[in-house]
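Okay, here's the structure, questions in a sec.
Labels for the chains are A, B, C, D and E, by order of writing; each one numbers its residues from 1.
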Amino acid sequence: MTDTRPARTSGTTTSTRAYRDGELIAHGFPLAEVSDHLEKEGCVVWVDFTDPSESDLTELEDELGLHELAVEDALQDGQRPKIDRYDGHLFTALYDVDFDRESGVLSTSEVKAFVTSRALVTIHHPEFDVSRLERTYDDNRDLSAHGVTYLLWGLLDCVVDRHFDATDALDDEIEGIADDLFDPRPRTLDVQKRSFALRKSLVQLRRVSSPMREVLNTLLRRDLKEVDADMQPYFQDVYDHVLRVSEQNDSLRDLVSTILDTNLNLQSNRMNLIMKKVTSWAAIIAVPTAITGFYGQNVPYPGFQSPVGFVTSCVLIVAIGGLLWWQFKRRDWL
Amino acid sequence: MTDTRPARTSGTTTSTRAYRDGELIAHGFPLAEVSDHLEKEGCVVWVDFTDPSESDLTELEDELGLHELAVEDALQDGQRPKIDRYDGHLFTALYDVDFDRESGVLSTSEVKAFVTSRALVTIHHPEFDVSRLERTYDDNRDLSAHGVTYLLWGLLDCVVDRHFDATDALDDEIEGIADDLFDPRPRTLDVQKRSFALRKSLVQLRRVSSPMREVLNTLLRRDLKEVDADMQPYFQDVYDHVLRVSEQNDSLRDLVSTILDTNLNLQSNRMNLIMKKVTSWAAIIAVPTAITGFYGQNVPYPGFQSPVGFVTSCVLIVAIGGLLWWQFKRRDWL
Amino acid sequence: MTDTRPARTSGTTTSTRAYRDGELIAHGFPLAEVSDHLEKEGCVVWVDFTDPSESDLTELEDELGLHELAVEDALQDGQRPKIDRYDGHLFTALYDVDFDRESGVLSTSEVKAFVTSRALVTIHHPEFDVSRLERTYDDNRDLSAHGVTYLLWGLLDCVVDRHFDATDALDDEIEGIADDLFDPRPRTLDVQKRSFALRKSLVQLRRVSSPMREVLNTLLRRDLKEVDADMQPYFQDVYDHVLRVSEQNDSLRDLVSTILDTNLNLQSNRMNLIMKKVTSWAAIIAVPTAITGFYGQNVPYPGFQSPVGFVTSCVLIVAIGGLLWWQFKRRDWL
Amino acid sequence: MTDTRPARTSGTTTSTRAYRDGELIAHGFPLAEVSDHLEKEGCVVWVDFTDPSESDLTELEDELGLHELAVEDALQDGQRPKIDRYDGHLFTALYDVDFDRESGVLSTSEVKAFVTSRALVTIHHPEFDVSRLERTYDDNRDLSAHGVTYLLWGLLDCVVDRHFDATDALDDEIEGIADDLFDPRPRTLDVQKRSFALRKSLVQLRRVSSPMREVLNTLLRRDLKEVDADMQPYFQDVYDHVLRVSEQNDSLRDLVSTILDTNLNLQSNRMNLIMKKVTSWAAIIAVPTAITGFYGQNVPYPGFQSPVGFVTSCVLIVAIGGLLWWQFKRRDWL
Amino acid sequence: MTDTRPARTSGTTTSTRAYRDGELIAHGFPLAEVSDHLEKEGCVVWVDFTDPSESDLTELEDELGLHELAVEDALQDGQRPKIDRYDGHLFTALYDVDFDRESGVLSTSEVKAFVTSRALVTIHHPEFDVSRLERTYDDNRDLSAHGVTYLLWGLLDCVVDRHFDATDALDDEIEGIADDLFDPRPRTLDVQKRSFALRKSLVQLRRVSSPMREVLNTLLRRDLKEVDADMQPYFQDVYDHVLRVSEQNDSLRDLVSTILDTNLNLQSNRMNLIMKKVTSWAAIIAVPTAITGFYGQNVPYPGFQSPVGFVTSCVLIVAIGGLLWWQFKRRDWL
């Protein structure tokens, strides 16, 4: 597929492909020829835009009969993941996600698509690696007989797989944090920072992945004329992936909460251990201070200015100090 | 639209507008002329009241056949966001919201409306900037052929956009708090105050925005004769915004909880660090005290009143103190 | 209405009223005359019992054809708020609530009612101020043409308004607690006690108010022959109030949780500040102790028993103590 | 009813009763006579087993046409509370509960029953006090005309009443804990232990009581031929009790959580108070130590070995100590 | 059953069995003979694969008409527990679970199956002990007349029983942790580690067991032609087990949360006790230090260098120290 070179138009990248009977019959043709291909019997067209301007879409808007509201949504960022039904076409907004394991940051990027009875038009940012989608199409060429349904399925499959990968990466991350949690020399601040970032990523991922259930549900309701009923098991398969992402997200959120609670408990435990140590050593150290204080008085105590006093003092310090040390050791306070 | 001057009646502000075929054919006319405009073929009327008194509405109540319960609700504050169906008209209560980034305070202001088959009557407080609504109408004049449905849509779109803006502002605020959380010199009290205010704002925003789902759902059920079915995609668009506000609210609440939990963890961590430092320094400082106490005794210890004693004392202080310091440093307690 | 004197029977208070065409045609008549009034065309009767005994109800049980299970429920406390449908009549159990701002205690009191096609029988404790209900009836006399539906609506409206008032009072209380929370000299124990009492009140209020949704839903289902369909908007209005109480309750519970969490954070923060102060002062105070300990040794240190020693000692104490004080001040530990 | 002696068979206790037209016509007859009674017109039979063995049930299995799966469930412990419909009979599994206020332990005991068109067979452990059930039947003899439906209702009513009683006992327990919580001399460990036990009891109670909703719902669906429709209000009454148990359980769980959170806050508060006291006294006590340390130096400070020094030392100790004490008292630290 | 030896093919283990009229008529026959057995009247076949390769399944794929998507799912790990309906067969993915009480680790292992009208094909890893399944089939041979439905039921019953066992083991584990929680000499770190592991196991178990509800629900909907309606009570029985696992999981999660919260409370309590002890002893120990400091001054205090001073010093130390000790003891601080 490396020969499918994108044609540059007005600062954005546009790529075109036409399929017939499961075969790629043309690619890289200009937008003006889209309608020529659509006229051919059994031919479907995929047009891919990277960061299109308003004018880029105007041409297609008329040719494919797209609703102005859908075109507006396609150009404006910040859509909810959804699938909208318009007269003569569907419009879907999806989110590609990428979890960078190094920085622990989850980034999202909108992918939108128009689905008419014979054409798929995808619109995305450069962050979305369109070659993945191409690979999905090439790997499943046996399904291409299902026409535009095959193209739509490929898009959803490709995007949901990305959600899946991100969830797995987050799962690994959480395993790592949990391991560090019980480390004998914990880097608590690090655990905190990573937990917080993780929670944020999970919240973000849920925001873009949980509405996918609705999207797939709409496609599985079997009443959309744009969708070929024979591909239902394939959409069901994507739906299963969406559900797994969603369930795993819930599980991970649960675990992050437990990590935070456990960490608080662990810190409280460490605090108690430290406090016990402090108390014990403070008591042990207070002994010589009190005794030497006694023998430092300018009053004629027994042994005042005599070797007897010195010996008594030393014996007392060692004996009482040692006794305390032994007591604390026995109670596991030291 | 700057020439649409409001006409003052009895302490409240009233503004009137009449549209036909997508054109503003009259504005600023007195309430008495409303029925004249309603008699014209294809003409719709928008009447806007700022803080009306009971008598202001009585006139319209008869003219438009409004239900007394609806009029009561319109005059009384504290309604739930809702849309009520009466014989011959709809009544809706909405909330305009405004988040002041400076003070961190979210303020809300009720906006109510009657929707008859040919007229929209809006009632609000001066806090609601009606010029935003005018701008929405002017920007979408191509939809005005849908008559009163267009007016109702404009109102909802305008109000929900405000919810959207507030949510975005709260999102920024939470980002700021999260950044301060891991600041090496944290202003914890500040984080607490802002988190608490944020949580309050989120609770408040949810209270006025979450019932909007029901409102839009009612309008999307396609069985209201007041609503033009052709505008369904536009209401669907508003509904998508409502859903996004609601989902983002949930996400933000989740994050605020996580911030509170994380902060508690961080403080507990700082406490542990401080305690470890305290213990370590206390131990190091206790050494000279104990040693000089020993050499301060009035008993003939080795080196009593001789330079040997002085040297031994100094050596012991430095040696034991240094040893402890090195041990604590090695264990990262200092 | 002050002339509607209750007639005392067997230790309980009974009050009777008969309406026709929106007018109060009789009141204070004995129970035996209830059936006389019911025979009159278009006449409805309201009988009100305060703490009735079993025998008080037996008379009516036969006259109005009440189900024995309903009568049992009416006499026994501890019912769930509900509306039960029996052959020929409805039975409803509600809770009047009262929040005492002084003591912070929420008290509840059961109110029960039978609704036949022509009569309303209310049963309550002396805590329920029946004059509120009378006022509701008098204020809405224009609705009395709806017969017994009007009486039932009045009862629900009156009780739900009480829930509403209690919720508002709890809202004020929570505002007060939140204000005290960030007070520079917090009375933490007080905040705790009030938060706990508030949470208990919220739990209690929810227990009596949340089943009201079901009650109203039953009445709005439009299939009860006892209920006049024309009054649906009025029941819808009560339903809106029930929803608001329920939503506000959720919000307040959320805020109480946040207050508890925030308070824990604030206390942890105060603890950290105290610990930092303790550490700092302990370090500063340890300096003179260590130095004077040194100069208190009975060994010939430099300056032993000479003014040079005194000056050095003083200089050291002031210099090191001052240095520490300045360092801690700079780091905002003091 | 004291003369209804159970007949012992093979180590288990079996009791039999036959009713006709609301009257107990026979009891204590052997199992072999059950079918004789069933043949009589309008006669229903109740057979009660305590800890039956497999063989005890085999006889009835054939006679009453019980499904083998139901018999298996009846003999095996650990069923979910449920009602199963088999051809020709119902099978229900319920849990009797008992909260021991002394030990704070909630114990549960399974009660199972077969319901055919003419017979009720109950199976339970000795922990279940069957005399309660007998009392329920005797107290409601007026309902016995409803045949086996009356027997089934009595069983459910009796069991749900036990859930109710346990909930009330748990409610009292929680009141007691809440009172101890703010006790000026709190027994915190005790509060913890009781809270934890209470939470466990609530979890356990919910496990056996919440599926009762389903059980009652099944019975209220009016499509079971074994159930007499005229008794619906009585099952509705039991259902109301089930709902109350469930709602109260939720409320109590909420309160236990609040108690735990509040307790943590209170302990943190007490910790802060202690820390403030420690700091204050430490500062006050450090003063004489520092001053006497100064006057203990072997250097010619002003007042060295002269009464002036003694007076100055004493004045300094009292003055600075007193000043600190007064400052701390003023700030409410002592 | 020990004579049912598996036949090895290409590195994986394959086992075959054929039943007719409840009897095992053949086993251990090669895959090629499967179709021979399927042709016999009333004969059902069970084929069991351990870790099959793609080619192992290809043969059956054609013979039994399996959908390629199902075969793909069967070969690829990481499926959601589910039951999919394809033309002519069902495909189900389940998880066997095993909780190792020693290590506290819950391990899961996928089990998948194809169900055609006459054959069951199971695919699993070596971790799944297939002899359990064989035992289930042998113990319930009386049901084998239900053909493939019996085989499917046996598989579900066997897997759900494993979920049940794991839940019981987790229940025991939680009991153990709760007991250790209030141990007078708690091993807090251990409690933490076990709680955390337990929570992780619960999350994991829920992930594989909660979708089983859906699976059973699908089978209970009575519209699958592959499933014999007469076995509904048996599937209902499995469903009850699934519900119990799910409810117990919820209860256990609740208890783990309570354990974490209680532990935090307990640690905070212990911290307070330690702090009180530290304070008390610090105060008691400060007394001799202050007094001996006083008598160590080089100023002529009363009793300076005289036995009177010594006696006074000793009396003061014992008296004040004793008084403090008695005070602290009385307030239960020591």
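FYI, a contact is a pair of C-beta atoms (placed from the backbone, for glycine too) under 8 Å apart; a residue touches a chain by one contact, two chains touch by 3 or more.
On a predicted model such as this, the values are computed, not experimentally measured, just so you know.
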Spell out the chains that contact chain A while also contacting chain D. E
For chain C and chain D, which third chains touch each of them? none
Same residues or different residues where chain B meets chain C? The copies count as same if more than half of the interface numbers are shared. different
Chain D to chain E, mean C-alpha position gap in Å, rounds to 26
Report the inter-chain centroid distance for chain C and chain E in whole angstrom, where each centroid is the mean of the CA atoms. 42
At least two partner chains per residue is the criterion; list those residues in chain E. 261, 264, 268, 271, 275, 278, 282, 289, 293, 296-298
Chain touch graph shape: choose line, ring, star, complete or other and state it. ring
Per the touch rule above, chain A residues touching chain B in the complex are 67, 69, 73, 78-80, 82, 84, 86, 188-189, 192-193, 195-196, 199-200, 203-204, 206-207, 210-211, 256-257, 260-261, 263-264, 267-268, 270-271, 274-275, 277-278, 281-282, 285, 288-289, 292-293, 295-298, 303-307, 309-310, 313
Within the complex, chain B is touched by chain C residues 178, 181-182, 233-234, 236-237, 240, 243-244, 247-248, 251, 254-255, 258-259, 261-262, 264-266, 268-269, 271-272, 275-276, 278-279, 282-283, 286, 289-290, 293-294, 296-301
